[in-house]
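The same chain A turns up in both complexes below, where it pairs with chain B and then with chain C.
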Partner chain A sequence: MTHPAALPCAILAVVLLAALSLFVGVTDIAPMDVLRGQADARQMQVLLASRVPRTLALVLAGAATAVAGLVMQMIVRNRFVEPSTTGTVESAGLGLLVVTVLAPGMPVMGKMLIASLFALAGTALFMRILRMVPLRDVLLVPLVGIMLGGVIGAVTTFFAYRFDLLASVGAWSMGDFSGVLRGRYELLWLAGALAVAAYAAADRLTLAAMGRDFTTNLGLNYRSTMVLGLIIVSLVSATVLVTVGVIPFLGLIVPNVVSLMIGDNMRRTVPWVAVMGTGFVLICDILGRTIRAPYEIPIATMLGVIGSAAFLFLLLRRRHHAAP
Partner chain B sequence: MPRLDRPILVLAILAALALLSIAAFMTLGVRGNWPFVLEYRGRKVLGLMLVAWCVGVSTVLFQTVTGNRILTPSIMGFDALFVLIRTAVVFFFGFGVLATLPDQAQFGAEVLAMTGFAVLLFQWLFLRGQRSLHLMVLVGIVFGVLFRNLSAFMQRMLDPVEFQSLQDSFFASFGRIDPTLLGVSLLLVAGASLAAWRISHAFDVLILGREQAISLGVPYRRMVAAILCIIAVLVAVATALVGPVTFFGLLVVSLAHVLCGTGRHRYILPASVLLGIICLVGGQTLLERVFAFDTALSIIIEFLGGLIFIILLIRGAAR
Partner chain C sequence: MRMKLGAVLGGLCLAVAGSVSAQSITIPHRQGEVTLDSRPERVVVMDWANVDNLDALGVSILGVPGSNAPEYLSKFRSDDYLKLGSLQEPDVEGIAAADPDLVIVAARSRQSQPQLNRIAPTVDLSIDNDDFIDSVTANITELGEIFGKEDRAAEMNAELRSKVDRLHDAVQGKGRALTLVTSGGKIGVYGPESRTGWLHKEVGFPSVLDDVDDRSDRGDAASYEFILETNPDWIFVVDRDTAIAAEGGQAAAALLDNELVHQTTAWKEGHIVYLDPQKAYIVMNGYQAVSDLLDQVYEAVTADS
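Coming up: the complex of A and B.
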């Protein structure tokens, strides 16, 4: 359906956006100066210690979050979910809070693992609640997820309030790339690797999305595939949360747009989702940095506005009575 | 007729509990200057009771208009809309302009703007054909998210100092009520409640649904528009006094339904308000005097309300 050159073109556009993102900011750095080697030491330091890490973080987090959203939609078999509408992200936040209170000195890797475990447990709880729901309305699924997220969030807020950590929780819950520096984003490579893993497992996940009986008939272990998907989603949510905070709606909007464009075969959609997720995040970040320079608007706010408007459009676009 | 007696008994018990909470709030732990303490706490209690009244009545009416038990104006983004309007006023006209207006006038203007907006938006959502309930709730929640993020976006564009003072006013807190707004709030609430009283004969019919109500001779569209206006005023007052709370209304109205065992408005309305007073005044007393927390009450209410919402969803009471 799509032209064979479409994906390379999209990738090229995203590379250009990434290059643009390198040269937006308070310190003026001219691209030609850098190429000719005429940039002074301070400019080079800003570029290498702040700009390059930031752009890399944007690329990795954008691609991974969007792919995690796609995987989530496959597992739950519902178009209207993503980790931040299923309680996964909130659970990861609760885990992060628990580590911060109980073992503040733990290395980042350990914190992330604990946050992932919480995310896994929270997602499992969500799936369990879903199984208890009698009537299976498509729209009920995100509704239950959002409310579960709200309840877990209230628990987090309560303990954060007791331990005087409200400010930290506020920082996690609002995705923001302004704090990204060399040495503070490398965990996101793991998220990127997980997006690749999702691509490798794409065929199996596509089948699992067809349902338990169908999958088992084809000789695939349904349970282990689901667990694999859950692990990808939870780990991505936790890594992104620990390094930059919540990036809302990205995992919801991008897979839906891609699905409208080229359908639901994950083998084909994963690269598109990753590329478009990256592009979307880059655009939002560049806008957030330029609209009110020298201050910046966090990406969570930018995406919150654009993403919720897009979600509303998706919801109201057509009637859902016919849906299963 | 034991069936009729139960709601009345429940109401009597709730009223006694509410009075007890108020008495406890006013008198516990007072040292020294009684007149001052009584006046200070009296204002607080008045504010909390006003909030309980607004939230209880607006939630019951909203559920009546929408014909289901899991909606509250807050879940549908009503109070986020209020925060957005307030932010937009500061954003477009600046604090300077606002400072020259008296608080009450400013508040009145905001309530008017919000009522207009809310009625337009929700009429569009509710009166335009039949939609599935879950779609409505989801749309409402996402509208709430959109409003909140738009507010955050505008707040970010403000001067950092203005941003700070604006942001402080949007964290829900039952401990801090602006006494200067009490008078104008009372006036607005009294007006809205009077309007509600005058059409209250139609409430029990409206809950039967659009077709039934029309065939029983209720001017449906006009009635719903009027009720949405009343709700908008009540929510605006509650939001201005304590900030946005999502689940409080759901909590008290669900409890009221369980306790009364009937859906009739003459029982549900007072029961919800009384439960609201017990929750707010009693809860605040417990937390402040017994556990020495401060603003945690809103968090606890969010938690309990969220749980009730999930339970209602799972039990299929959504239908």
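Coming up: the complex of A and C.
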């Protein structure tokens, strides 16, 4: 059990991180100057056109990616999955490639929709495979997902190679916030809204996570709840992919950490997952902007390094306390 | 029996004649040296810069890479030329079957040199970015000697030198430059050590930065704030996606069209130059590519003076 003040404290910490994020960058902007109104026009422009959008994008993408990971774990009923290990992100990437080849001029919203449809189809395929294969070991589920993702990724790579688009695919698969500017990230508000939707549907998703029979007995439509979860996961994956690229590991680690802390009731965990996802992404991005300043290290690299270490720690820790 | 004897005698005569007329050629290259018994005639080139060089020298080529052929070398896309793998991965079996008497690798294919050298004499003509123009002209001179086109090689090199000198004079007092590479909606920066470093080192354009190396072919990741703060007088853009996909070409321009880049001197003065992406990114150091890039920059720099 956590202390009642824990969540407000965590939120405060993330707000402070977000404030710090506003003042990290190539241009020198002092917080006091801005508060006193002494910042010059150029500093204000950098703040409004680059810093604020970047911080908002980090908050929205971080929260939504982590929550999408949680929802994925709920609907698959497995703790070791997230959209980038179940074929969802790979399918969205394939969709994005198809749009790029067939209708390169399509507006971003259209691209995102097509990517979402592919993500939906890929995730549904994953669920279908899970239902057909009797899986006794929990670790087989992520393995199946990783294999499916590998197959879809291979198809994407093949066509990207054929159409000379390997570079674009490489860029999508590398999450990076350096290109975020006013006017270039707003799609992420949709991802944020979906995280809120996940919160609203938290009770239903928690029930659905307990299985089809249990859910049906309680008078809840299992199928529509699953579809809702799938739509949240697919849309979040597609919006984040289209705007900043793949953010790996986040959806896996954060829900696991939160589950260790406060259990599995989604109504209670969603705020925590959102807050910790945001904090994690903010820390990684601030470090990525600082280590090689004035150049940047993409967030995907930072998360890959920090995230894989954190995940190993989680796994090894669990082994210690293993209660079969 | 008589026929056999004839064949042996004939062979002997040919061998003697051959050893008299041909002198062996030793070619030093980046990974050692190879010795040829005679002037090569069946030449496989796994690098567009050297296809460019040989084409300009007027040497005929047997096989080329099957990928990324730049527009100005599009004649090599035809079936008259063997396609021997991609720029990065030579088709070893295809090269063996083509039975070449010289294989040229460089840059992206240079790691195949030891393997290909077991099939046919293979030279690595990669250039040295630290010594760009000298390296390019040294390659041209060497190719001229191998194929007996020394005069044409000297002519080409003289032309390159004069273009470098002309541009060097033209950039004096024109301010500082930044080279960007755009890829998949992201921007990276290239510095004096990179594949476009010759703009700074050889042509003498002062760079806005001096600590970037080309460890990644997309440059070091940077934000728009970085461009705003370094405030270059000139921005040279290498659109990597267009170089590879050879389509569109608006991607980089759309990326840079934003309120932070609008604040830079380069944008205000209209000093953003989109380098021919295939010549700057794919070919990089062939005679025609370098010559055209030197012209392109010269025209941009002298346009408003």
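By definition in this document, the second predicted complex is superposed on the first by the 314 of 324 C-alpha atoms of A that agree within 3 Å, B and C clash if a C-alpha of one lies under 4 Å from a C-alpha of the other, contacts with A are read in each partner's own complex, and residues count from 1 in each chain.
Rule of thumb we're sticking to: a contact is a pair of C-beta atoms (placed from the backbone, for glycine too) under 8 Å apart; a residue touches a chain by one contact, two chains touch by 3 or more.
Quantities reported herein were computed from a predicted structural model and do not represent experimental measurements.
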Superposition on chain A - do chain B and chain C clash or fit: clash
First (chain B), second (chain C), both or neither touched by A:I129: first
Touched partner set for A:L316, first chain B, second chain C, both or neither: first
Chain B versus chain C as contact partner of A:D137, first or second or both or neither: first
Which superposed partner A:Y295 touches (first chain B, second chain C, both, neither): both
Touched partner set for A:G304, first chain B, second chain C, both or neither: first
Touched partner set for A:G179, first chain B, second chain C, both or neither: second
More chain A residues in contact [chain B versus chain C]: B
Shared contact residues on chain A - chain B and chain C: 292, 295, 297-298
Contact set on chain A toward chain C in their complex: 25-27, 42, 45-46, 49-50, 104, 163-172, 176, 178-179, 181-184, 289, 292, 294-298
Complex contacts: residues of chain A adjacent to chain B: 80, 129, 132-135, 137-140, 142-144, 146-148, 150-151, 154-155, 157-158, 161-162, 248, 291-292, 295, 297-298, 301-302, 304-305, 308-309, 311-312, 315-316, 320-321
Contacting residues of chain B [partner chain A, same complex]: 132, 134-135, 137-139, 141-143, 145-146, 148-150, 152-153, 156-157, 160, 246-247, 293, 295-296, 299-300, 302-303, 306-307, 309-310, 313-316, 318-319
Complex contacts: residues of chain C adjacent to chain A: 68, 183-187, 189, 212, 220-226, 228-229, 240-241, 244-248, 255, 258-260, 263
